[in-house]
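Okay, so subunit A shows up in both of these, paired with subunit B first and subunit C after.
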Partner chain A sequence: MINNLQTSSFIQTFQLLSQDNFNQINLKSKLLFDNKKSNSNSNSNSNSNSNSNSNLFLIPSFVDLFFQKIVHLLQFELIPQLYKNILSGKNQEEFNNLFEEEDFIIGNQENIFQALQTFSNKINSFTRFMEINNHIFNQDSSAKLFGLVHIALFQTKQEEFLKDLIKKIFHFNFLQFCSEVTNNLTDEYEDNEINISNQDSKIDISKYFKDFVGLLFQMNFSPFLEEIAFESIFREIEHIIKDNIVGDFGSKALPKMLNWVSNVAMIWFEKIFFTFFNEKKITINTKDSQKNSKLKTILFEANPHYDFKPHKEYFENLIYQKIEEARLNELFEIIVDFPDSMSALMDLKLCIEKTGNYLKVGKSLRKSYLSRLLHQGASTSDIITQFLSTIKALKILEPSGFMLEIVSEPICKYLKKRQDAISCIISNLVDEENGELYEELEKYAAKPMHIVEMQFADQNSHRLQSEEHQILSGMNDETNQFFNYDDSDENDIYDLDNSQAYGDTSDEFDYFSGQEDENEEWNPDPIYSSSKTLSAVVNLKKNIDIIGHMINIFGSKDPIVSEYRLVLADKLLANTSFDIDKEVKMLELLKIRFGESSFHNCEVMIKDISDSKRIFTNIQNQNENETETKNSEQNSNPLDYYEGEYIFRSHIISELFWPNFRSIEFQLPTRIQNMMEKYAKEYHNLKKPRQLNWKPDLGVVELTLGFRNSDKTLDFAVSPILASLIMKFQEKEIWSFSELKESLKISDDKILRSNLSFWIKNGIINTSDRGNSYYLIDSISEHENQLQNQSQKTPSKSKSQTNTNTDEVANDFVDSDDENFTSSQIQRESNQTEIQIYQQFIIGMLTNFEEMPLERIFNMLKMFVTDPPFDKTALELRDFLSQLVRDGIIEYSNSNNVYKLKK
Partner chain B sequence: MSNNNNSNNIQNVTKRLQNELMQLMMSKTQGVSAFPQGDNILNWSATITAPQETMYGGLTYKLSFKFSENYPYEAPTVKFVTPCFHPNVDNSGNICLDILKEKWSAIYNVTSVLISIQSLLNDPNIFSPLNPYAAELWKDQKKYKEILITKYESTQKKVK
Partner chain C sequence: MEEKKSNLIVTIKKWHTVSSWTWGAGDDNCGICQMPLDGCAPECQFPGDDCPIVWGKCGHKFHLVCINTWIQRNINEPTCPMCREPWEFRDD
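Up next is the complex of A and B:
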């Protein structure tokens, strides 16, 4: 009976509650409980005498009922009402879409706020009810109430919607705040760096938002809010990085972002939570603090004087991580842009210093190089340029060279496979205008001499160590060998130096090392270098310069030196003015870096040219006297097509010291031949008993071609063979192929065809009769037509180049590549493949040792084939030897498993 | 100090000899060949085959080269390993050749030494002989050839 009655009266109470009639509730409940306590019969209760025991017994079920009712109310009335208010007549999807728009948020803020306010008020009324009746509701009840509210709010179907809503409002307000701060900043200061924490009062979060947050706090949402606030800031960080930092290598993002965290994000964060904290404090004071403390967030409990430092640190770490991630993803591009991307690189450097992800960054860069750079599509010069930038950039990123080792290893390996790598490096090295390696050379040369010496000494001692190591670990240790190349080289450099200087430098070590420190900052070995797999790499040389890295590609400086010799030979021979100042300077720079002895040949080559110049002037002086007397005869010669005298210079070279020349035999025009003979005679007179041995196919002829009936002339600088060819057309204007071949005494059809095609391309001659006869173009209009035709043909060039058997078709040799004319006069030895070298070595050793087992041949090759190093396995060698056996060069004896030469 | 110099020298000699080996291998010079004996690049074995239609035509001789650490500033020590009946070669294989002695120069190399010895075979200096009997006999080319062949074949048998 009592039970029923009480229940019904409570139901009434709830009904009243839900109708917002606070006074009534208070009154009712008061009545109810007064009634119980005083045992008076003021109400209609019949069993007023029920004992207190039974009352107490009933209280828990009353509390249960109370909460049951609340759950019911929340689920079916309050929360649907809340959503209805928020949505204000729209359906959810519509609302969500609209909510993306700024204006809508501003317009609806008040509405949402009010909806929440109403909701909150109702919850408050429950709380108040519980406070009043604190004799039945214990401390936990209040917590339970809020727990129920949370559950009801966020575990319904609309959970996401509400969370989303709050998130969006937070984010929107955060953005608003951000833009206000930045506007304010730019209004007042030009400089972003200025700390704005003093102007708290000036910028504030909007009133609505403040109330909104306050409301949520009142409902004890704080842990959830913190999460949402974090998320807002997090989202914004990602957003800023994505929009403003990615792709922008020109400015330092890290300080900007850190500044943003402390001056924008943290202030906003503090504003929200600090405001709340003050309010809460007041409420705590006024209310029973015991009760509320249970509801407070862990955050607040742990730290009543709220400290935002951990939050700030969290965000800062987050920024380091995020920027590192962003920069790492674009490290490849950063290096491409280097040194314009210096700022971005510095960002990454600071980040890595903070996170210590050296290995990760190194590996990731290595990976991106493998997939993006080291493939067929990339040109060798691009790879080298990137490699140079990589060296520079990684030295900045991590001066000890640990990362560089990780990254450079595959690049070096790959470049070694590229045949043109060496010539690309050389052309960079000798490029005075924008060669990066040339700059390095100059830098190196500009170093004070004693420091250079110091390095030699240092490298030398290093070599000794590694040499010992090598002996200990045996010759088969590949890694060791690999890294020793460089050492042996550097040692060479030292050797050229006065070897006595060595002792001196070691005495002066302390003094000089002090000076060197100023030049290059000393950095300790990175801790991560102790990782087992990489320790071998890291322990090796650290401070080799960029050129050192280039040497590293080939294992020794010899390929570089010999390639330079070829380039120098080309340059010297192409230079008709005997002007060698540039080359002399270049050679001096190289000598400083690579050591003098390596360039002995080159020195002789340069000396040859300067000698040639002297001889030329000598002979010319003699000639002048003669020509003065002969001049009149020459001009009167009617057969002379051309006016004036040829200027004939010769390069007199010491063949031993020059690279091999390609040689094509052909007949020079008699006129030129006469001059050569004359020159040779005079040389013989000057330098008895020496005689000149002509290489007629080398050299340069400067031609000026003119057209009949036109003043237009064309200038060419071509090889003698081309010049001889075109001069043939002075004799008669139409030649057949065989006539030309006969007349020029060129034995190889291909050479003649390719030379003819040069002139056809340049619109000087044309072909008719299906490529069997050639005629001279002598009108300017025809010449221009021809040029146009040729340029139209070029796109199909690559196609016909693949055809080797098309010599017969006239047009095809027009397309043959023009390298013959532009490129080197020097015969390159690169066509000697490794296989040939191995074969020669095997024959060589078998000649001297009669018979050898596989193992011994293998070891011998490994030991003595150094350029390029023998890098095959024993199995590969066995296959190769079997091939030689099949070719009948060697034979294999099964009885004792040895190979010997076939007799 | 001296240690360092030595090791520098060894390094240099090694490098030089490696280059020479490469040149020699790639040059394919007829009738001469040489190769390091193994672990030590300072000791080489060499083979000379005299050109056909000469006195020593078709005969093959083995030689040994020993390089000092001062190579190429000092001549290598070159000896015949296969006994060689020749006016300028003694019984222990020592060779009397000016470029291996007083006329040595750093511009010579293994190849040039081998070619010199190869030509010495058919063009002996009978006026300063190490083997006076051979020098005396040289005048009678036919008899010389007979003795040469017998001696050569006997050494070949010994080897086998």
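Up next is the complex of A and C:
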């Protein structure tokens, strides 16, 4: 009876529960509880077991019933109610969409919390009920209750929705917290150095949120919560990196992010979990009961001191990884921007130091170079510029040069194939204004040799800060910096070594020679360099400076030296004022870097120019003296002077020391020829028994074109052939092609046409009659018109091949527009003569074998031609062979790809 | 035909040409150092004034430094290293 009654009263309680009648239920359960308590008390007091026995017998079925009822309640009333409250009238999809918007969350946060609050209150009332009836419910019961709630919540169809909801609330709250922190900071601190430890009290997570977390904790959500909190922070990290860090190379992201983790993310994390733990601790203490829920004990066992250090470390590692990933993806661009991207580079450096992913970064960069840089579309100078930046940047990332070797290997290989690589390097080397290599030369020359080496070897030991400063501060004061690092102890050692080093390397200094005395500065190869995968490729060459890397491309310094000779020849001959100061300086710098002996030729060349100047001054003075003393009109032509200077002068060169020149035969104007003869005669008088051999096609003529019917004049600096050509039009205005050819004694039609095209392009002469007749323009105004016409014509040329005759002729000349300065011909000419040596061998081979494919010719030449050794690439040979085909000496058969002699 | 003067006036400001010097001794090499006569002996840094050539009366020509070294070795009866004739400088 009693049991029945008790049961029915419980059921009543449940009904009341579901009716949301808290006061009543509390009252009721209290009554019930008191009843029971007094019952049991009286029972125990009276030592009568009958009642308690019957109770004990009934309890399990009652507990089962209780839980059954609870499950039912949860499933059909409480949880649907919860969702209904959360959704507040909207359907789920609608709600989901709305939830993406922040405003909606702010507006609905309260609502959602309230819904959860209501839900949790009900659950709480169950727990209270269980606590009150602790004689019925054992220790596990409350855990079972939460388990049931948990299962019920997540076994519904809306599980994902709920998880999502919680995630979003967490994330939203985190964002709110972040922005509050940053706002607070910007208010109080000007700089970014965050230190909010004393602000803990000011910024707090919202009350709602705290309660919300508390609720979730109660409902046995704890592992899930931690996961969600992690995810929120994780998401935010990714978000910040994507929005603020990717693409911004100008500021250091890493310290900012690490600061953010310890001062924003971790504070939030701790606030959520620490406050909660604290509260729990208090409740535990006050309750002072052994019936703590399992949940609590688990939590406290796991985190007895609320130690969030592992969490922090986890996030920090995450930051290193993520930033490394981000920076690695844009490393190519970072290097393009170098040195403006120094901050980004330092980020990556710190990250790699932490993660040790040297090989990974190196390989990835190597890969991106192969796909993005080393292809037909990239110009050689761009590749070299990027290579230079790469060397500098990777030296900073990883001073031992391991990564650089990985990356530079394919670049060097590729550049070696590019024929213009060497000239690009040289032009960078001699560019006093923007040349990076020139800077390197100057830097190199500015410090004693031994120290140069020490610096590269010693870089590992430099503290990051100072190293970075050193690089940022323009690198020019590296030497000073260097002495600042270790000023006292080791200076005397340096002095000793310096004197030695000078003695050893005074004459021939190769970049390898530095390795001889590196013993004392020996550092082991970095441990990561022993990786098997790349050991074959990577052969660590330490202590190589940037120019050393350039030398590496070609295997020796010789190509660089001989290319420089060509460039120097160009420069010297193009200079009409005998000015050699720049070239002298340049040569001195090169001599310091590459060793003096390599530049003997160049020194002779420069001396030739200064000698030429002396001779010119001599001859000019003599002429003036003659004119004054003799006063004979016939000897001095007033036309021979321009503004008081004798117009004719010559670079008198020691031919054996200069590159080979092309030579084009033509007839100089008589006036010039006279001056030339006179010059030669006077030279012979001065320097007996030496004589002059003229190279009339080389040199520069500065002239002014004027028109009788106009005051305007036009200035030009042209080759002697061009000058002679235009002077012909002084004699008469209309010339036929053959007349010109005859008069100038130019045998090659092509040369004459290309020279004519120069003046046509410049709008001085015009052509008619299918290019057979050339005539002077009428006036300056026509000259301007013609120039305009040409600029309009130029783009359309390629489109329509059915032009007028004039255009056709002009088309022929398009590819030969570099006739302005003769000396630029030097280089190409000399390259060709070099390979022409092999012409006889090739013809001989083809006579014997009749037909041969390219590879066979190439191999034969390699095998049998030893003096001079055949050092051309297959590509160069192919070019030469097709030149022979064009010249009609040999034939190429497309069908079986062989070359044979033309019959 | 030449009555009408051309409209064009060309004023030459500088005619800067290129020439190479030679001793006028052909493409021969110095019989002593085997370097070209127009080049310079190994002892010299620069060709030309710094490394003149000399003719002997026998018609053979050498770098001055080279023949001097040769003569030093047999100062009393210098001979031409090529033809073994007594060495005498040719007067120009």
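The definition used in the following text is that the second predicted complex is superposed on the first by the 618 of 903 C-alpha atoms of A that agree within 3 Å, B and C clash if a C-alpha of one lies under 4 Å from a C-alpha of the other, contacts with A are read in each partner's own complex, and residues count from 1 in each chain.
Simple rule for what comes next: contacts are C-beta pairs under 8 Å (C-beta built on N, C-alpha and C of every residue); 3 or more make two chains touch, one makes a residue touch a chain.
Note that this is a predicted model, so its numbers are computed, not measured.
*Asks:* May I ask you to decide whether A:Lys392 touches subunit B, subunit C, both, or neither, giving the answer as first, second, both or neither?
*Replies:* Neither: A:Lys392 stays clear of subunit B and subunit C.
*Asks:* Could you look at A:Phe864 and tell me whether it touches subunit B, subunit C, both or neither (first, second, both, neither)?
*Replies:* first
*Asks:* In the overlaid three-chain picture, which partner chain does A:Ile837 touch, first (subunit B) or second (subunit C), both, or neither?
*Replies:* first
*Asks:* Given the touch rule stated above, what does A:Lys741 touch, subunit B (first), subunit C (second), both, or neither?
*Replies:* neither
*Asks:* Taking the superposition as given, does A:His171 touch the first partner, subunit B, the second, subunit C, both, or neither?
*Replies:* neither
*Asks:* Between subunit B and subunit C, which makes contact with more of the residues in subunit A?
*Replies:* C
*Asks:* Would you sort A:His651 into first (subunit B), second (subunit C), both or neither based on which partner it touches?
*Replies:* second
*Asks:* Taking the superposition as given, does A:Met845 touch the first partner, subunit B, the second, subunit C, both, or neither?
*Replies:* Touch partner of A:Met845: subunit B, not subunit C.
*Asks:* Check subunit A for residues that touch subunit B in one structure and subunit C in the other, and list them.
*Replies:* none
*Asks:* Spell out the residues on subunit B that touch subunit A in their complex, using ranges where they run on.
*Replies:* Touching subunit A: residues 1, 4-5, 7-8, 11-12, 15, 18, 21-22, 24-26, 28, 33-36, 38-39, 41, 44-47, 62 of subunit B.
*Asks:* Please give the residue numbers of subunit A that touch subunit C in the complex, ascending.
*Replies:* 573, 576, 600, 603-604, 607, 611, 639, 642-643, 645, 647-658, 661, 672, 675-676, 680, 683, 687-696, 698-709, 713, 720, 723, 726-727, 729-733, 764, 776, 778-779
*Asks:* Which bits of subunit A are touching subunit B when the two form their complex?
*Replies:* 460, 464, 467, 488, 491-492, 494-495, 499, 502-503, 832, 836-837, 840-841, 843-845, 847-849, 859-860, 863-867
*Asks:* Note which residues of subunit C are touching subunit A in the complex, please.
*Replies:* The contact residues of subunit C facing subunit A are 1-2, 5-24, 36, 38-40, 45-49, 92.
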